[in-house]
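So the structure is just underneath, and the comments pick up after that.
Just so it is clear, A, B and C label the chains in written order, and each chain counts residues from 1 on its own.
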Amino acid sequence: MSKTDPGRFFEDYRLGEVIEHAVPRTLSGGERALYHALYPARGALYSSDMFAASCGLRSAPLDDLIAFHTVFGKTVPDISLNAVANLGYAEGRWLAPVWPGDTLRARSEVIGLKQNSNGRSGVVWVRTTGSNQHGTDVLSYVRWVMVRRRSEGPAPQTVIPDLAPALRIGDLVPPEGLDFSRYDDVLAGERHRLGDYAVGEVIDHVDAVTIEEAEHMLATRLWQNTAKVHFDATQREDGRRLIYGGHVISLARALSFNGLANAQMIVGLNGGAHANPCFAGDTVRAFSEVLETGQTNAPGVGAIRVRLAAVKVTEARDEGYGLKGPDGRYLPHVLLDLDIWALMPV
Amino acid sequence: MSKTDPGRFFEDYRLGEVIEHAVPRTLSGGERALYHALYPARGALYSSDMFAASCGLRSAPLDDLIAFHTVFGKTVPDISLNAVANLGYAEGRWLAPVWPGDTLRARSEVIGLKQNSNGRSGVVWVRTTGSNQHGTDVLSYVRWVMVRRRSEGPAPQTVIPDLAPALRIGDLVPPEGLDFSRYDDVLAGERHRLGDYAVGEVIDHVDAVTIEEAEHMLATRLWQNTAKVHFDATQREDGRRLIYGGHVISLARALSFNGLANAQMIVGLNGGAHANPCFAGDTVRAFSEVLETGQTNAPGVGAIRVRLAAVKVTEARDEGYGLKGPDGRYLPHVLLDLDIWALMPV
Amino acid sequence: MSKTDPGRFFEDYRLGEVIEHAVPRTLSGGERALYHALYPARGALYSSDMFAASCGLRSAPLDDLIAFHTVFGKTVPDISLNAVANLGYAEGRWLAPVWPGDTLRARSEVIGLKQNSNGRSGVVWVRTTGSNQHGTDVLSYVRWVMVRRRSEGPAPQTVIPDLAPALRIGDLVPPEGLDFSRYDDVLAGERHRLGDYAVGEVIDHVDAVTIEEAEHMLATRLWQNTAKVHFDATQREDGRRLIYGGHVISLARALSFNGLANAQMIVGLNGGAHANPCFAGDTVRAFSEVLETGQTNAPGVGAIRVRLAAVKVTEARDEGYGLKGPDGRYLPHVLLDLDIWALMPV
């Protein structure tokens, strides 16, 4: 009997099946410190207990993307170990803050299946939910991946889930107690509030970071993500290690502080594409396009929907915000195209 | 008067002498988070307070190898600063869990001495014990190293300690309260329990990791290990930094999760050899051979003795589990050959 | 309206103006663990709660330089984003320990201005103060930087602050309760106490560390320092990332353990120069020259003033303690020339 886990193949998924993912994880101030070392993250609400308290929270929660990466990492052995591609995200909602000391676990329900016409792979849709030690759900999102078949065989019935193109503001869940009515712009680092952002406005976040192998591996391991291509230089013919897409998400989010410092908490993930692979040595910068704004029920708390893009700095240095070519495909220097909702003082 | 510490030489050790090692160390969730970033460690008992509580512990202890590296690091300035080689380990026992907030210190007793025939070096055996702030011993092991003489001189009486080739199960100390009778295989990540492992069985742990300079230096410094060859690229003629052998131990142990996920806690170190030096750029994989299994007195808690090997992936990619050549010497791609006891649910 | 912060230019500073810096920061054991991973720091008082308690403190504070880097990092967006050069430090005093759980914020007062004769830049002097969540000041220092003008224009009145060439011992503030009368040399790691150091004595700290890109970027981000030149390899024509001067300070301080292990806490910064830029691949070593010694009011607590220098190991390996050439300029291999006060048992 082989003792190692080969991961699941397309034919191993059943519609409606619920997979409990292994290895729950207790998070602490250690993960927060590492997050600050790995990304240029400066959001005041996640950096300072005092700032968070002034916004009605008991202390600073862990970064919204720490919750995301931790939950995502749990799913890798069951969902994406044999994935050919990570195709998309939808209906991602942050449901409760994660505090230092919390223990997160994750489960996924298979909500869609579609075998490819070549019979050698298929698309699996899962709705993943992360919960804490009290049984409270902290995060839920849909992800779909293309997974290899172990061997050719008959296709299961095709079921493609009906997913919202974007969450509405009413779907968002501001943390209990959150109150931006005494929000301190000076300590937050920028004066621009919700009313200062116009739909269609594009923000060039100016700063850029060149990525090292050690950094993306430290980050990816921190979330107990075990996909070989991130760690083993002998896996690809070109000897390069593919950078975990979530590393680029966190990098772009952190870079977006300069221009979106008051987009304090990500509470919705409407969609996203890892447009091109990212490798060590790439220098990454970020743009945001404002898609929608509105108010939540929480006092002083608005919501801003932005398209957050990460691009590689190219030799020509002519990379701008245009993400797709005339053929509708992503340009080669585009790494990430993410559609998120964040909370911002009105 | 020179203020810097040149380290001890062979003639500075006296049989029976007890050396109190400097700089006690308080550990926290920060060291745990870094451990997860540095190694693909996924043992549920060390990752989750809830999982540990379901096994009868008050919360998740720090990884067994965090305790080992911290104690080992304390000994370096007194034992191995002038070491030519780290020759072996024996009779290593983990005696009590180490919890976040604990402060560890270490002392070593010189239990053996043997001058080499060339008169320029000798072998020193020490029994090192780590203890916590309550004075409780948490770890004890014998290590022997070859140390240079400062100058030639008469040899001390040769005393070679009588060391057990391996601990017996009765020598192992399961943590107080440990109870695997309600062990959750799904959350642990694998179904194989003690009875599923056969003596002689060899497990190829499949995954591999390519090591970067920054990673092994971060790890080695984290344990306050100060040996120059790990940090200073001008120390060796080839400009390479030698990777701390303990880094390879932790890497192999973490890689062994895939196939030995339920080998939850290392409680015994029977022996070990750092077969060949490891350098940045090496891609490391791991094998385990089952040597012995048995039951402890703790409810549901068995013990598995494995030979854990780390090897470099070579260009020929033909590296397998064979560790030694026909001449009985380690093959050039073999990095580590470790003999350990771990606790596993029956 | 541009949303990103271009940083301040010379003409944006007004004498007497007080700038509240953004993004307060809560520190934990995570930052301490990372500090130990990034630097070979072994000071017993910052490493062990028990050792600190034996010195009259409630537990181990965070390293003096963690406080410095955190406060310094806060000032970067307001003070040095458009700085051409970091010219000097003076009158730096550590005023209270920083404990895990503390939240630090920073403010700077503009205390001097001098436009350069070319009209394109000027020197700005600021006195920066870091304080904790109780409003207690923990650190104060003067720094001056050369900052670009946005456009040419009339010079403000030149005001050059009158700064002490060095603090006197009476200016130093030993932490409340600090008591070295039962100081444990063995656990501290060295026997040399204040009386063993002679003014004029030079200590070669022997050890050296080769720096990697990932390490200095992790460190600099950890302090939320956002200066582009440290992270973006496309900023300089030579494609190199300039290492944050504070990284070299921490490296030199940590290397100085070997010879100055009992210089437990930095409490004064009299001056300092980043003599030459440092880049990844440089191998760094440290020297200290004893400048002054004396006693404080705290029981058993002396103070030692040292000139701490960091130099690059050159191919010729002939680098010694001589820091300046016959022309009074720093030699090319010199990185750092720092003048500090530290507390040491008498």
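The definition used in the following text is that contacts are C-beta pairs under 8 Å (C-beta built on N, C-alpha and C of every residue); 3 or more make two chains touch, one makes a residue touch a chain.
Protein identities per chain, from UniProt: A, B, C = MaoC family protein.
Quick caveat: nothing in here was measured; it's all calculated off a predicted structure.
Colleague: Determine how many degrees of rotation, between 0 and 180 and to the nearest 5, align the Cα atoms of subunit B with the equivalent atoms in subunit C.
Modeller: A turn of 120 degrees brings the C-alpha atoms of subunit B onto subunit C.
Colleague: Since subunit A and subunit B are copies that touch, just let me know if over half of their interface numbering is common to both, same, or not, different.
Modeller: At the contact between subunit A and subunit B, which are copies of one sequence, the residues are largely different (under half shared).
Colleague: Roughly how far is subunit A from subunit B, centre to centre by C-alpha average, rounded to an integer in Å?
Modeller: Going by mean C-alpha positions, subunit A sits 36 Å from subunit B.
Colleague: Which subunit B residues touch at least two other chains?
Modeller: 28-31, 33-34, 100, 212-215, 218
Colleague: Would you mind writing out the residues of subunit B in touch with subunit C in their complex?
Modeller: The touching residues are 1, 3-5, 20, 22-26, 28-31, 33-34, 77, 100-101, 103, 105, 133, 212-215, 217-219, 221-222, 224, 226, 228, 231-234, 241.
Colleague: Across the complex, what residues on subunit B touch subunit A?
Modeller: For this pair, the touching residues of subunit B are 28-34, 36-44, 47-51, 59-60, 100, 186-190, 192, 196-197, 201, 203-210, 212-215, 218, 258-261, 283, 313, 317.
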